[in-house]
Every structure is written in C-alpha cells, then in structure tokens.
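Multiple structures are listed underneath, in structure tokens.
Next come two complexes built around chain A: one with chain B, the other with chain C.
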Partner chain A sequence: MIEFSNYDILRNLMFATQWTILLSLAAFIGGTTVALTLTAMRLTRNPAMQRIVRVYVELFQGTPLLMQMFLCFFGLSMLGYEISAWGAAILSLTLFTSAFLVEIWRGCIDTLPKGQWEASRCLGLSFLQTLRHIILPQAIRVATAPTVGFSVQVIKGTALASVIGFVELTKVGTMLNNATFEPFKIFTLVALIYFMLCYPLSLYSKHLEKKFNVSR
Partner chain B sequence: MSLVNLHQVHKYYGDNHVLKGIDLDIKAGEVVSIIGKSGSGKSTLLRCINGLEQYQEGGITVDGKEVTTEDIQVRRLALSVGMIFQNFNLFPHMTVGENVMLAPTIVLKKSKAEAETTARAMLEKVGLADKFDSFPEKLSGGQQQRVAIARALAMSPKVLLCDEITSALDPELVGEVLKVLEQLAKEGITLVLVTHEMNFARDVGSRVVFMHQGKVWEQGDSKTLLSNPQTDELKQFIGAVL
Partner chain C sequence: MLYFSDLLQYSDVFLSGLKTTVELTVLTTILGVVLGTVCATVRQYGNRASQRVVSVYVELIRNTPFIVQLFFIFFGLPAIGMMLSPWEASMIALTINLGAYSTEIIRAGLASISKGQIEAAKVLGLNFRQTLTRVIFVPAFEKIYPALTSQCIIVMLGSAVISQISVQDLTYAANLVQSRNFRAFESYFVTALLYLGLSILLRFAFNALGKRLFAYRASN
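Right after this comes the complex of A and B.
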C-alpha cells in the first residue's frame, strides 16, 4: 500500500480542484448561452415558443440533477451516442444551469415596468431595438447579483459528476479516502475547498446587490 | 381633413365591453380634451389610437392610415403619433439628452449631431436646456414629464396623445407641465388629452369630449359645453369635479 502524506493529499485535491473549476466554468458559460437563447424565445410573444421554454424549465427544474446526469451519460450511450463523463457532465450541468437562469432572468425582466416597453413602442423602436437599448441594459443590472449567487449552485452541482466517473474534487476525495481510510480529514478538506470557491462568490453577489440597491 | 378618425370602434376585455361604438373625428390643430369618470374608457380610447390596445370592431385611421396593433404598423404610426404617459416612462439608465436622442437616431436614423441639435432645441422648448446631462431620477416629477414631452416632440409627431399626464404630479408641479402644453397648443400642434384639469380643458382646449359608460356621451366646443352641459351625466360630472 502506498503511503499518502498530508502534502500528497493536498496536492491531489488541488489538482482535482482545477477540474471542478473548469467544469463549473464550462457549465456556467454553456448555461448562460442556452439561457440567453431561451430568454429571447420567451420574450417573443409567440405562444409556441413560450410553451417550449416553460416545458424545458419544468423538466429540468423538476428532476434531480443526478438523474439528468445519469440519463446524459448512460442514456445517450445506450442510444448509440458515445459520450465521455466530461461531456455528459457539461451537458447535464448546462441544461440544469440554463433552466434556473432563465427563470431568474425572467424575474429580473418582469420587474421592469411595462411602461418601458410601451414608451419604446410609441417611439417607434422595434422589438429588438427595445431589448437592446432599453430592456437589457436595465435587466442586466438587476440580474447580475442573483446570477453570481446562482453560480455557487453550479459549483456545488459539479460534485455530482463524480458519480458518473468524472475525476474532479469530490471524486478525488473519494479515491483518497479509499486509499487512506481517513474520511474525516479528507472530506473536511474537500468541503473546505468548495467553501473557498463558493464563499467569495456569495460575498461578491451580496456586494453587487447592495451596490444596486444604493444606486436605485 | 381629419387627422384622427374613429368609426364605430368597439373594444372588449374578455366579456367586458369597454368601448361601445366610438365615433370621433379630430382635425389638425385641434386640442381635444377627453373627460369622464374613471372606467369610462378614456385611456383605453387613447391607447387604441396609437396601437397599444387592440380593438375588435370598427376602424381607426391616423393621417389616412389604418391603425392596428401589428408591430410594423405601430412603428409606422409612431412617426405621426407621440404619446405622453401618466408615469413619464423615461428610460432611467439614460441621461435626459440620451432619452430625447434615442428614437431620432435609431428609428429616424438621424446622425448623432443632428439628433443632439433637435434634442437641445426640444429641451429648450420645455425649459430644461440645462438638464441635458442629468439622469431622470435627479429631476422632479414635473421636470421628468417635460422631458417626456421633449422626447415625444423630437420625433415631430403630427398629433400628441397625453394620458392623464399631470395625475401623478404633486399639485405645485402641475402648472409647469400645463404651461408647456399650452405653448404647444398655441404653436398649432394637435393634442388629444385625457385629463382631469377642467380649467385647462376650458381655457386651452378647443373641444371637450365627455365619455360615459364606454360611449361618447356628449361633445362640443369646450367653453360652451362646460358652461352649458346638456346631459344629466355631464352636469353631474362637472358638479363633482369643480
């Protein structure tokens, strides 16, 4: 049996943290992109489009992320699509993230008075011009804090990718525990690393919220 | 020749019959005040004229063109109809100048310099030339409403619709907004106002339209009508507000 010094444990965990960060970033970027598309679909007053978005949101908010990950990983390979654990993790986290972001953003857009749309319309602005010049600049200010706040959920969500065999922080923690039989030490360290990733984001989100409230 | 024409306009909100066959003809240069109790359909009528609300029967034309709520139509309409709202609806993330310049630059495709010249002239007209770089939240309600007027004027509309534009203002700020409107009326712009300001309707307006239960109940020359109402409903209304 190989001996693991504290240094070895920490080194391995730090290495794995990179993958957690990378997966979080990929999921966040993917989720943001999809959520933007869905938000645009929802804003068109087309009922069919709006229904698609509603079903999408219900589906991915209403089922556990772990099941989504299993389905992406095992389901897709059963259908004949080979997908790596990395690919399945990104895909399912993207779906999950976008389903929540689109709801968060809808709330932000809805807080803008209807009069902003009407005034734009009466001035002859098109739908896209209204979005670009009037709605988005205001909505982005409102949305930044809750969006940053939600990124914490994404980071914690990446832990589930360990179950489908993607080697990130939690997975490496499990592996180290199997080798050292020191669960308390290992998992405390793992939790601490997650905390160090998430806490600054929470703080930043609170800071943004305060800044926004003051300038209103 | 009529600038705004409504012919047998009916409007329903679900089962609620809000406008019951409105006929109205407004000529260029007229200042028409629409008065009536809340719920009589005044604001709805105004919002039908600029395509913010859909109507179910009848026809509305502005400057000879038919009004619908279709996007492309509404945008063409916006070139001839300006709208001022009760709550100003200025864009809070833009300065006063940007508010006024926005539509001329992106809708009329004017150059920035040209739009700025117009914007400054319009702000001058409403007495706010010095507020060009201020943000709306730094202004009083009356000033914000005057910016909204300048913003609408910058599109050089043929008719200006005003939806209870002094109702959200503190009493001492009402005067400054009405003064601007009076000036515009003198310059010959066509105004259609939904208003509770009876004195303004009588002194500045050329015609008063009294709405009751979704119909044009009585209308006529403003001074005559307000001093000598024919129907009991208008007598009651005037008695209640004066």
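Right after this comes the complex of A and C.
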C-alpha cells in the first residue's frame, strides 16, 4: 500500500485543479459562443426564433445539470454516439452555461431604452449596425459584472463532471479519500481550492458592479 | 431505437424517488429560508463581529460546489465524530446551501427598506422585534420574492446530487432503472422531464403563494 504524505495529497489536488480550470474555460467559451448565437436569434424579433430560445432556456434551466450530464454521457452512448467523459462534460456544461447567460444578457439588453432602437432606425442604421454601434457597447458594460459572477457557477458546475468519471478536482478528492481515509482533511482542502478559484471572481464581479453603479 | 414503454414497469420506483425529492425540497426550502432570514437580519442589523461571521459563512458556501459541501458533511464530519445518515446529511447540506444564498437575497430586500420607515416605527414606540415583523419583513420579502423563489428552484434541481450519497431521490431512481434495463437515454430523459415538470409546478405554487402573502397590495 502506498502512503500518501500531505505533500502527495496537495500535489495531486493541484494537478487536478488544472483540469477543473481547463474544463471551466472550455465550458465558459463554449457557453458564451452558444449564448451569443441565441441572443442574436432572440433579437431578430422573429416569433419562431424567439420561441426556440425560450424553450431552450426553459429546458436547460429547468432540469438539473447532473441529469444533463447523464443524458450526454450515458444517454448518447446508448443511442450509439460514442462520447468521452470530457466531451460529455463540455457539452452539458456548454448547454447549461449558455441557457443562463442568454437570460442574464436578455436582462442587460432590456435595460436599454427602446427609443434607442427607434432612433437608430430613424437614422437609417440597419439591424446589424444598430447592434454593433449602439446596443452592444452599452450592453457589454452592463453585462460584464453578472457574467463574471456567473463564471463562478460554471466553475462550481464542473464539480459535477466527477460523477460521470471525469478526473478533476472533486474526483481526485474522492479518489484520495478512498486511498487515505482522511475525508475531513481532503474535502476541506478541496473546498478551499474551489474557494480560492471562485472567491476572486466573486470579488471582481462585485467590484465591477460598484464601478458601473458609480458611472450611472 | 427508443423504448419508453420499458420504463412503465418501474413507475413506482420513479414515483417514490419523486416523493423523496419533493419532501426534501419542501423541508429544506422552509428551513433554508428561515436560516437565511435570521442570517440576513444579523448581517444587516447585528454588531460587527456577528456580521463578520455571517459574511464568512455566506462567502464560503457561495464559492464552493454543492457536491463538495455534501461530501464534506457526509464523509468528513463522521471523521470528527458526527455520524449522519445520508438523508440527514443531504438535508443539512441543502439547508446550509439555500441558507447562504437566501441570506444574500433577503439582505438586499432589508437594505431596500428606507431608513425613514424604521425611524417612524421607533417614534411610534415599536420595539425592534415589532419593527422587524410588522414594518420591515413584508415589503422586504415582497421585493425579493421572485429572486428568492428562483433560488429555491435552483436548490431543488441541485438536490439531484444527493443521489451520490445514496439518498433514494429521483436521480437515484433513474440510475437504478437504467442499471436494470440499460435504457439509459429513456430513463434519464423521463427523469429530466419530471424535474422540468417539478420546477414549473414549483414556480406556479410560489406564484400562488406570493399572491396570498402579498394580498394587501390588491386591497388598497
């Protein structure tokens, strides 16, 4: 039997943290891309498109992330699509992230007065020009703080990937626990590492919020 | 091919899982909101030391994943002598989790009450407890009611994780069924739909409750 010193535990946890960060980044980038597309669909004011986005948001906000992961991992492979734990985790986290980001951004765009769209129309700007020059520059300023805040939820969401066997921080925590039988120490360390990843983002989000409120 | 009919014989498994999930949700919603109310009151009106304690609690919970909190409570606490059954552990974890989030939400509601109202209550001779229950709480909760209820729904969905410590909830039922008949997609799909139905139902219930709780608005 291998003895695990404190150094070994920490080293393994640090190694796993890299995968948590990588998965978070992948999910956040994927989620942002899909959410941008969905936001554009929503802004076209085409009723069919808007309905699709509404159903999408309802579906992925109204079901547990864990269930989405199970469906992506076990469900898809049963249907004949081979998918790795890594792929399933990214796919489900992308769906989850984008559903929440679309809603957050919707709120941000809706805070802009409708008169701006009408004024741009009067000035002869096309839909894309209005978006590019009028709406987005303002909306991005409003949206930054809640988006950074939501990235904390993404990092925490990656912990669920441990359940489908993706080896990240939580999974290594449970594996180390099985090997050392020191659950108190190990899960305290795991929680602390998550805290050190998430807390700066929370603080930054709060800081951005304050900064934005001052300028208003 | 999909064979949803294979699930029919397991309907009682799904139903008992659903029952556990609903029971835990109702219980932890009540306990979590009570905990959040107490903590938010302390955070808003307490002395500096107790404010600090509440802040640390809220930030610790809000910045760590629920599954790690659950593992810490279920696996970690017995190591220092606190034995908990899976059901107890998940109830505590869910309550603590919702408590932290609702503290933050309710505090925003308390902060939105203008100082003049509190001063007016003082002038009228109400003591602090009376001011809280008769002047502050109702409008404060009305303001944050939508945010609070959607957080409760998020916690209900998050409760799927408790299947990992073998609480026999809806997700546990899904895992059990798919391990029996290998209909993974069908099993998880139906379970996801059940969760979706539950979250829509909860939203309706919260809306109906809100109309009753804040009925004084309609009458004046």
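As a working rule, the second predicted complex is superposed on the first by the 216 of 216 C-alpha atoms of A that agree within 3 Å, B and C clash if a C-alpha of one lies under 4 Å from a C-alpha of the other, contacts with A are read in each partner's own complex, and residues count from 1 in each chain.
Going forward, contacts are C-beta pairs under 8 Å (C-beta built on N, C-alpha and C of every residue); 3 or more make two chains touch, one makes a residue touch a chain.
This structure is a prediction, so every number in the text was calculated from the model and none was measured.
Model built by superposing both complexes on chain A: chain B and chain C fit together without a clash.
After overlaying the two complexes on the shared chain, residue contacts for A:110 are found with neither chain B nor chain C. Of the two partner chains placed by superposition, only chain C is touched by A:188; chain B is not.
Looking at the shared chain after the overlay, A:137 reaches chain B, while chain C stays out of its contact range.
Of the two partner chains placed by superposition, only chain C is touched by A:78; chain B is not.
More chain A residues lie in contact with C than with the other chain of the pair chain B and chain C. Note on the composite model: angle chain B-chain A-chain C, taken at the C-alpha centres, equals 100°, rounded to the nearest 10. Here chain B and chain C sit at a least CA-CA distance of 26 Å once the structures share a frame through chain A. Shared contact residues of chain A, touching chain B in one structure and chain C in the other, are absent. Within the complex formed with chain A, the chain C residues making contact are 59-60, 62-69, 71-72, 75-80, 157-161, 163-164, 171, 174-175, 178, 182-185, 188-189, 191-193, 195-196, 199-200.
Every residue of chain B that touches chain A in the complex is listed here, in rising order: 50-52, 71, 74-76, 78-79, 81-83, 85, 87, 89-93, 102-103, 106-108, 151-152, 155. Those residues of chain A that touch chain B in the complex are listed here as 113, 115-116, 118-119, 121-127, 129, 133-134, 137-138, 141.
Listing the residues of chain A that touch chain C in their complex gives 58-59, 61-68, 70-71, 74-79, 152, 155-160, 162-163, 170, 173-174, 177, 182-184, 186-188, 190-191, 194-195, 198-199, 202.
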